[in-house]
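What follows are several structures.
The following pair of complexes shares a single chain, chain A, combined with chain B in the former and chain C in the latter.
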Partner chain A sequence: MEYKTNSKYPISHIIGFFLSLLLTFAAVFVALEAQLSFTIVMWIIGSLAVLQAGLQLFMFMHVTEGEDGKTNIINMAYSAFVAIVIVAGSVWVLTSGHAAH
Partner chain B sequence: MDIKWNEILITGDPLILGSQIAIVLTVIAIVGGLTYFKKWGWLWREWLTTVDHKKIGIMYILSGVLMFFRGGIDGLLMKAQTARPEMNFLDAQHYNEIFTTHGVIMILFMAMPFLIGLMNVVVPLQIGARDVAFPQLNALSFWLFFSGAMLFNISFVVGGSPDAGWTSYFPLAGKEFSPGVGNNYYAIALQIAGLGTLMTGINFIVTILKMRTKGMTLIKMPMFTWTTLITSIIIVAAFPIFTVALALMTFDRLYGTHFFTLSSGGSDMLWANLFWLWGHPEVYIVILPAFGIFSEVIATFSRKSLFGYKSMVVSIVGIALLSLLVWVHHFFTMDAGPAVNSVFSITTMLIAVPTGVKIFNWLFTMRKGRIKFTTAMLWALGFIPNFVIGGVTGVMLGMAAADYQYHNTLFLVAHFHYVLIPGVVFAVFAGLYYWWPKMFGFMLNEKLGKYHFWLFVIGFNITFMPMFFLGLQGAVRRAYTYSAESGFAPLFLVSAIGSIILALGFAVFCYNIYWSFRYAKRNVSSDPWDARTLEWATASPVQFYNFAVLPEVKEIDAFWHMKKRNSGLVLKEEEIQEIHMPSNSGLPFYMAVVFGITGFFLVFEWHMAAAVAAIGIVIGLIIRSFDYDDGYHVPVEEIKNIESKWRKVEGGVKHHVG
Partner chain C sequence: MSANVNTSLPLEYQTEQSRLNILGFWIFLGAEIVLFATLFAVYGVLGERYANGPTPNDIFKLKDVMIETLLLLTSSFTCGLAVFEMRRHRLKGLLTWLIVTLLLGIGFLFVEINEFIHYVHEGATMQTSAFLSSFFVLLGTHGAHVTFGIIWAVMIIIQLIQRGLTPVTARKTFIISLYWHFLDVVWIFIFTFVYLKGMVG
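Now for the complex of A and B:
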């Protein structure tokens, strides 16, 4: 696979690395130092994790680059769609109306 | 482990005794025949170990024919039982088992292998490839499917059939209410077959995305290849849901968990929900390739390119997305409330839009075409009005409020047969008549084909049309009998008579296969229909490497334009190069055997035996990971030889310009 980096200096890797560090330390701080309730902590560190996963996909794993860039994006969008339909859909259907009582 | 031998073989029912004897005799005949004609080596080399997509396709199709026979007999038995009120031909339990096996076999072991078989034969040829992306995985797909299908099929003579419907709803399907081994067969056999299907999906996505020949961009692909691609994507999205649901069912039944039970906090409707999350996409998995077949057949025999190609593609993609958003229409009556039911009503009715677009595209393709009424084309023409009846009644059922009336009646049964039989079975027949010369080098008899068509279509309508009216009068589905006072008797009788005509049609088809094998003319050209796509650019039957030199594509209907321009048809000897082909392997067959044995032990809940047999599976995986065989090369001389034979006989394909 060929990458679209023009400069020899891997600038996006470095930015990605520092951003990842930042997000990780933020999560550690929220979990250990901030005095928040358990649920809020879980929500915050969960969101930070998703954010970091997305960041790494673009900065390190080059999802958008190479000949499969478009396929990868469609692939991930479709997977997200399927997962949301299955999980959110099931929860919605099974907890609504008479079915749930 | 205490084995109750007397419960393993089913005894006491004359029908089943008859089948047991028939099975034993058939097995003896096959084994005896193979030994007498010294065909074991041939069978092993040419078929059981093959990784050739065309042969795998043929094996899928053969399984489809067999399973249609089995499922059809089930259907006829049910029609016989309900022909008159209060009949005692089948008892309630037996009727339950038969509609269950009928439904499962028709959808998973008849429709699926027929379509996957045609996909296997045709798609690599249509995209100008030498095989699928992972040939050995393809063989494994087939053998796992076959293993699951056989395991499921022996249930009625060994241990007892599943009897909770093809939907296998809880709580009925749970251990509490169905303690026998029958429903274990459902959970385990479908799991094994489903693994094979999932691998097929992955294989075809990769094949179509990665192995198209030079110049064939996505929007130059033939329509059947498009539908196969989208179908494969739906398979990969939907089958894992079924895998998980079946695994949870297995845990519930074998290991006492409570995912779907009524007691201990289980949720029975969670099963229905997961089942249909897979089940509805599944019906699109079987209908989309069928749409692709009709597109090819209609374009070829109207002698025009497909009308509205791009809108066809958009419709398929639209159907694929919507197919994941409608599953609740199968249980509106669970009553998840007005919000849920309204949303799913609307998504359901929306599917009629892209489907309608496709129907009009087919009609416009035929408009002003020089239509040739071949048997394949007749099936495509018959499909349109019959499928529209299925579609319109589907929209009726899709209205949640109205569905409370139709639900669980024979109206529903008539509806889905009007969708599945024209949509899938007609398509498969169209595809078989159309591609038969490509597969075998001779045609099916057109005259017999027409008898087959008319008997089948008329029989089909006489069988299922009355069921709409029975359903509206209140006849429920899955009921083994009815009283004389109900007034249902005349329509049920008509329906039963129809099913005999239907069966006669199928018999003519089987006879046609036999007749054509013996007597049909062998020297048909490689392009007998004057067709449009690349599979017709090579020999019939296709040589094992498909194309001596991979064709180059410039536009849609590539082969048609090659013929028009008279370019690219003649093979230049100096362009021939060595061809790299994959080697045969016995491993997929071995895996089918060990999976089958493990599955069988699990069905009977002999856990230690199953664990031991499962070691065989692990051994297979280990052998595979140390397999460094990367195929062999076909020398140029051999290719020249093979090519000169078919090209000489016909004097080249260029004689068929339309």
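Now for the complex of A and C:
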């Protein structure tokens, strides 16, 4: 039930913005400069993307605030779960089937 | 509308109606996540079927992608500042940051449309390959959302100028701010799983 109203400066927004910039440039560096294998690169930049999406949800969108904060968290967590099942499931089924035959 | 008014809360949360509207919008965003997930799934499956056409490495340009990413990320930040000003009951600050957000959003669209025109001139159209069909559908759906968000925000700004800050206009502003942040969340995944993935190898 906490609302961010009384602070004089939008500190959480500024921190969120700089962390987002940092994560964006870190992803570019890992993908294009660091000489890593494709699989490792995808795992690292995928994790960075999830982190940055979390930053947006918590520091910009205040997903936990209000009397429905818990509902929002469950809703977002379930949506993320469905999204992962759809994307990873489709890619898994349709590519492993192709490769096996 | 007037039932259950709690004036100790921020304007946009003061009425039961507003709280339900905001909750409803979060549920809509849950559905939007699933919509985009299906498009990412299509791209994930078809994204390497080039049909002898251009590959991501042939057409993606890091500079354009970075400009788009930074414009949208900054617009998400300024949109957050707009809501921050709204919570301090400063209409002028709210309007200023909303307009900055809009300009950044228009800048993003401008760069993205130019990018697409450039691709088409290089022979990379929707009809070229499964990679490009799924690419344009995913990116086009996101771009259409941004376009709709800009039109929506213009109408909210007009209402704010006409009616000032009320529990109703505050709730409407808060809801479009959620929508706008969500568009940046989707872009983070496009940036990572379309552009960066395409430029790695």
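In the analysis below, the second predicted complex is superposed on the first by the 71 of 101 C-alpha atoms of A that agree within 3 Å, B and C clash if a C-alpha of one lies under 4 Å from a C-alpha of the other, contacts with A are read in each partner's own complex, and residues count from 1 in each chain.
Everything below uses one rule, namely that contacts are C-beta pairs under 8 Å (C-beta built on N, C-alpha and C of every residue); 3 or more make two chains touch, one makes a residue touch a chain.
Being a predicted model, the structure only gives us computed values, none of them experimental.
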item: Which of chain B and chain C A:22 touches, first, second, both or neither; value: neither
item: Comparing the two partners chain B and chain C, which touches a greater set of residues in chain A; value: C
item: Touched partner set for A:94, first chain B, second chain C, both or neither; value: both
item: Partner chain in contact with A:34 - chain B first, chain C second, else both or neither; value: neither
item: Chain B versus chain C as contact partner of A:49, first or second or both or neither; value: second
item: Contacts of A:78 with chain B and chain C, given as first, second, both or neither; value: both
item: Touched partner set for A:86, first chain B, second chain C, both or neither; value: both
item: Contacts on chain A seen with chain B and repeated with chain C across the two complexes; value: 71, 78, 82, 86, 89-90, 94
item: Touch list for chain A against partner chain B, complex; value: 71, 78, 81-82, 85-86, 89-90, 92-94, 96-100
item: Parts of chain B lying in touch with chain A, wherever the complex brings them together; value: 209, 233, 237, 241, 267, 269-270, 273-274, 277, 321, 324-325, 327-328, 334-341
item: For the chain A and chain C complex, residues of the former touching the latter; value: 3-5, 10, 13, 16-17, 20-21, 24, 27-28, 31-32, 38, 41-42, 45-46, 48-49, 52-53, 56-57, 59-61, 63, 66-68, 71-72, 75-76, 78-80, 82-84, 86-87, 89-91, 94-95
item: Contacting residues of chain C [partner chain A, same complex]; value: 9-10, 13, 19, 22-23, 26-27, 29-31, 33-34, 36-38, 40-42, 44-45, 62, 66, 69-70, 73-74, 76-77, 79-81, 84, 87-88, 177-178, 181-182, 184-185, 188-189, 191-193, 196-197, 199-201
